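Structures incoming, each one as structure tokens.
In the two complexes below, subunit A is the common chain; its partner is subunit B in one and subunit C in the other.
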Partner chain A sequence: MAAVVLKNITKAFGSVVAVDNISLEIPDGQVTALLGPSGCGKTTTLLMLAGIYQPTRGEIFFDEVMVNGIPPKLRNVGLVFQSYALYPHMTVFENIAFPLKLKKVPKDEIRQRVQDIAKVVQIDDLLQRKPAQISGGQQQRVALCRALVKNPDLLLLDEPLSNLDARLRIETRAEIKRIQQELGITTILVTHDQVEAVTMADQVAVMRNGVIQQYSSPEDLLLKPANMFVASFMGDPPMNLMEAELSSENGKSVFRCGSELKIPVPDAIAAALQSRRDREFILGVRPENLELLDEPHELAVPGTVFMVELLGRDKLVDFRFGEVALRALVPADVAVSQGEKKWIRPQAHRIHLFGKADRQAVPLAG
Partner chain B sequence: MKRRGYGMIVLLLLPALLIILAFYVVPAVLTGTMSLTNMDHRLSWNFVGLDNYKAMLQDTILSRVFWNTLLYVFGTLLCFNVTFGLLLALATSYIAERQAERTSMFFRALWLLPRFTPPIVYGVIWLWILDPTRNGLLNGILNFFGGRPVSWISEYPMPVIILTNGVIGASFGMILFYSAITSISKEYTWAAEVDGAGWLQRIRYVTLPLIRWPLMFVTAYQTLSLLTSYEYILIITGGGPFYRTTVWSLYAYNEAFGGYYASYRFGYATALTLVLVLISMVASIIYWRVFRFREMMSEPKIEVI
Partner chain C sequence: MAQLKQEIAHLPRFSPERLRIEARKEQRKARLLTLFIYTFLIVASLPIILGYGWLVLNSFSETLAYGVLPKGWTIKNFRFLWELPSRYYPDLWRTTWNTLLLAVGMTIIMILVATPTAYVISRMKFPGRNMMLAMTLILHSFPGVTLLISLYYVLRSLGLLNSIVGVFLVKAGLMLPLGIWIMKGFFDNISWDVEMSGLVDGATRMQTLYKIILPQVKPGIAAMAIFSFINGWSEYIYVITFIQKKESWTLSSYVNSIIGDFQFIDYGLLSATALFYILPVLLFFIFTQKYLMTVTVGGTKG
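This part shows the complex of A and B:
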């Protein structure tokens, strides 16, 4: 097991900078996710941890030992590829045994260890098959076995679930989590799927264009996004984001969003903004943090339902205010129909503000 | 409608059929027929039944030619067309992997040069390299280090023809193996590295098994093409000294068109070539079975998921 530290890591391919000066501390024995859209540098970071790529600048430490320049075979990491990369000419057994065979582990011990790990992952009845003769989910487990059989200090997973169908994905997600906890192995997971990151990881680093946007617990990513990118990337359905100008009307502060929407400012926020000079923000509020009321309320805005979408357990209720759209998520059993008039009240402590210029979160008390 | 489609098919196939008929079927039938005659420089069709085939059984030189052929084909194959071609492919792909794509390309192009060179020029270059006097390249070098000139061609005729054919032949394997190696998914390479494989182990356990179809294909294909190739031998050693480098196809050629043996025994020569066709067919069937080419036909040629 190992704690991993990345210090000012940069990786450039020619003039293209894939990873731009990132620093991360990855705690021992936990699952850490690198989350971001494709091309954000997350896989490059993973391959640097494996030793396949060498960082252009910066240092990587495993348990305070610098590993720059140490080749993959000496790093004792297990890596599961997105495509699994199982050797097609070897049986499942030979695939899993391969790392041990290269380490010249005695044959009996290899047999024992392969069978043990295969049992943990529940593929012990497939050992004599070739990869082409087993399903995608089983291949995934074999790849996991091959990575785990050498008792690695670090388990690296590159999009481990993206080649599986939806149902299998949920099962495998839980399965990997179970195995990880059973073995207590430090795990780094690369994914573009926020659900995967949030459900599997103890902490998540959101990346974009080779830069870490936020590194925090999954809860904080959703509740306290550090900037507008994280706010818009996380959450499904996506956060309502709109330009908002702080102004006052009849002695009360309001956010003017476009020409037709005026959102009353809760007192706590008004107080927090008092010391700031800028008046223009990006206002964000998640659909699940918008309450629909039948009666007027001082912090609610009146709106007419433009469209209702049923999403299984929830309904997505769409309001339009000129060019600005507001979407609210309510339980499916709430009666609401198109053309109906409702009062929309954002939960005061769930309103996010971002600076209009820098797109960084504006600190709001509470 | 159906009838018209049929006519169209015939029309489209006709040019190819005519070409095959004119340049393959007719010569094949003529050759077969000719092998039943004792045709010589007078070119008369004088049928003698199976006399030519019976003569082959009594031909004391033929067994020597047979062993020469075997040695030449498998020697060239093992030393150069497969092994050396593979080494070149591995070396150039290793260079390319280290971000030196241009260097790699340069070396591959270099090894293709012999193939682009007209055979007669290529042969003459070798004759100069191997010249028994001090004017030859090899002997010049030997002389520089104080050695005595060696009569390469008369002393080592078989290694000479294997080498000269191999230097050309290796490029075929090189090109095929190189493209097979570079089309192996990078993730296999990375997986092998993470699993703890060094470069040699990676080649042995991952690369070679993944390119086994190209390897077997090149072996089989080059066997057949070496069985019928004789032009460089003809130019460089002429089959000598005293039949020591005469392979089956060259023997047939010499029986027909002479060289310094000047025989013009067309009947016997065609019988020899027909037996060579038979040998090639047997070789193909053996390869087909041993290498399980039926599987190759039904699968992608390079195993990449």
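This part shows the complex of A and C:
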């Protein structure tokens, strides 16, 4: 088992900078997720950890040992490729057994270990087939077995569940988590699915264009997004984000959002903003942090329901204020209908502000 | 047809009646097409079938009636297998051995040189790579005949005239580019991920090549080997041009001399030797065509 440290890692392919000066400390025995949109450098980072790519600059440490230049063979890393990368000419059994054969593990032990691991992910009846003769989801599980069977010190998973159906995904997710905890393998999980990252990982690094945007616990990612990108990337349905200008009206501070929406500023936020020069921000509030009231309230905004959308257990209630839209998420049993008048109150401690120029989070007390 | 049209004109669209008639029409069309295809193929292959049929019959017959029809059944045409047809001829088995050497030599050099070269070209970036690719293709597109005279001088200056080795080197030089191109295509089809996966699983680069990459290009290697063998076995123009010495003849010079040396061509002998020349290739092809087919039909999917 290994703690992994990346120090100022950069990887460039010619003029394309795939990974740009990232530093990460990945704790021993935990699951760390790399989360980000397509092309942000997740796979490149994994391949550097596996020793396939050499970083252009920077250093990688496994348990304080610098591993730059150490070949993959010596790193004892298990890697599940995005494309599975199964060996087409070998049977499923031979695929899973391959790493053990190279380690010269005795034949009987190989058979035992392959069968055990195959049983865990329910592919033990497919061992004699070739990869071309099994489904995509089954191939993915074969790849998982091949990575796990050698008891790696570091397990790297590149979108390991993307091809499974919803039920199998939940099962396999739990299974990976169980194996990981049982063996205490340090695991790095690459995904662009935030639910997967949030449910499986102890900490999440959000990447964009080769740069780490935020590295924190899943809760902090949702509650304290470090910048506007993380705020908009995380959460479903997405956060309401709008330009807001701090001004005062009748002696009270309000955020002016477009021409028709004025959101009263809670006292705590007003106090926190006092020392700042800038008056223009991006205001963000998640749909689930908007309360709908029937009566006026000093921190609430009156609005007319524009549209109601039923999302399973919740309802998404859409308000329009000129060009600005506000969406609130309420339980499905709340009675609300189109054209109805409501008072919308953002929860004071769930309002996020980002600098208009730098898009970084503005620290608010609490 | 016209009658059918009349029959369905009054029927509503999509009535079962109409569908049935349409289906019958389609069937008739398909049958006609099949008939046409078969007729065409039979006519087109007739010259080849007749030619080889004549060759086989003739090799077992005494004389030709009216100059073309084989007549009288004998095996004396095959005397050349155990005695020299005349003192002008080299020993048949020695000639066969030379031919085999050329064919097997071609096969081996193609496998040993084209495979690793193609792997490197497919996988590695190095200065001049594209240039090299273009050159190999251009080299291959020269008609071999245009090089005959210059190659003759080259071989003479190297002292390789009249030797199988000389012909072998020339052939190898001209064939390798094609082999490299074919093999490069096979290597290109293997994803990098599979190779990386091998490395992560604990293999060295060499082990990855032997255990993961090469098994996947086996159909390509097989096809190239078969192709080179047949190509070497049937080489004609370079053998005739560069080899006069009888000890170094191959079967193509042997057959060639039967056509050229006698005043009256002994068609029986010619047919018999030709049959002897063709037979190994034919057998070889029958036994290996399975590999050739996988290549043309399914790419690397062996």
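The criterion applied here is as follows: the second predicted complex is superposed on the first by the 362 of 366 C-alpha atoms of A that agree within 3 Å, B and C clash if a C-alpha of one lies under 4 Å from a C-alpha of the other, contacts with A are read in each partner's own complex, and residues count from 1 in each chain.
Keep in mind that, in the parts below, a contact is a pair of C-beta atoms (placed from the backbone, for glycine too) under 8 Å apart; a residue touches a chain by one contact, two chains touch by 3 or more.
Just so it is clear, the structure is predicted and the values come from calculations on it, not from any experiment.
Peer 1: Here subunit A is shared; do subunit B and subunit C fit on it together or clash?
Peer 2: clash
Peer 1: Scan A:Gly235 for contacts with subunit B and subunit C and give back first, second, both or neither.
Peer 2: In the superposition, A:Gly235 touches no partner, neither subunit B nor subunit C.
Peer 1: Considering only the touch criterion stated at the top, classify A:Ser83 as touching first (subunit B), second (subunit C), both, or neither.
Peer 2: Both partners, subunit B and subunit C.
Peer 1: Quick one: is A:Pro225 in contact with subunit B, with subunit C, with both, or with neither? Answer first, second, both or neither.
Peer 2: The answer is neither, since A:Pro225 touches no partner chain.
Peer 1: After superposition on the shared chain, which partner residues are touched by A:Ala50: those of subunit B (first), subunit C (second), both, or neither?
Peer 2: The answer is both, since A:Ala50 touches subunit B and subunit C.
Peer 1: A:Pro99 in the overlay: touching subunit B, subunit C, both, or neither? Say first, second, both or neither.
Peer 2: Both: A:Pro99 reaches subunit B and subunit C.
Peer 1: Just which bits of subunit A does subunit B share with subunit C as contact spots?
Peer 2: Subunit A residues touching both partners: 47, 50-52, 71-73, 77-79, 81-89, 98-99, 102-103, 146, 150.
Peer 1: Where on subunit C is subunit A touching in the complex?
Peer 2: Spelled out, the residues of subunit C in touch with subunit A are 191, 193-194, 196-204, 207, 211-212, 215-216, 218, 301-302.
Peer 1: Could you pull out which subunit A residues touch subunit B in their complex?
Peer 2: 47, 50-52, 71-73, 77-79, 81-90, 98-99, 102-103, 131, 146-147, 150
Peer 1: Can you list the residues on subunit A that touch subunit C in the complex?
Peer 2: 47, 50-52, 71-73, 77-79, 81-89, 98-99, 102-103, 132, 146, 150
Peer 1: Help me check something: in the complex, which residues belonging to subunit B touch subunit A?
Peer 2: Against subunit A, the touching part of subunit B is residues 185, 187-188, 190-191, 193-198, 201, 205-206, 209-210, 212, 303, 305.
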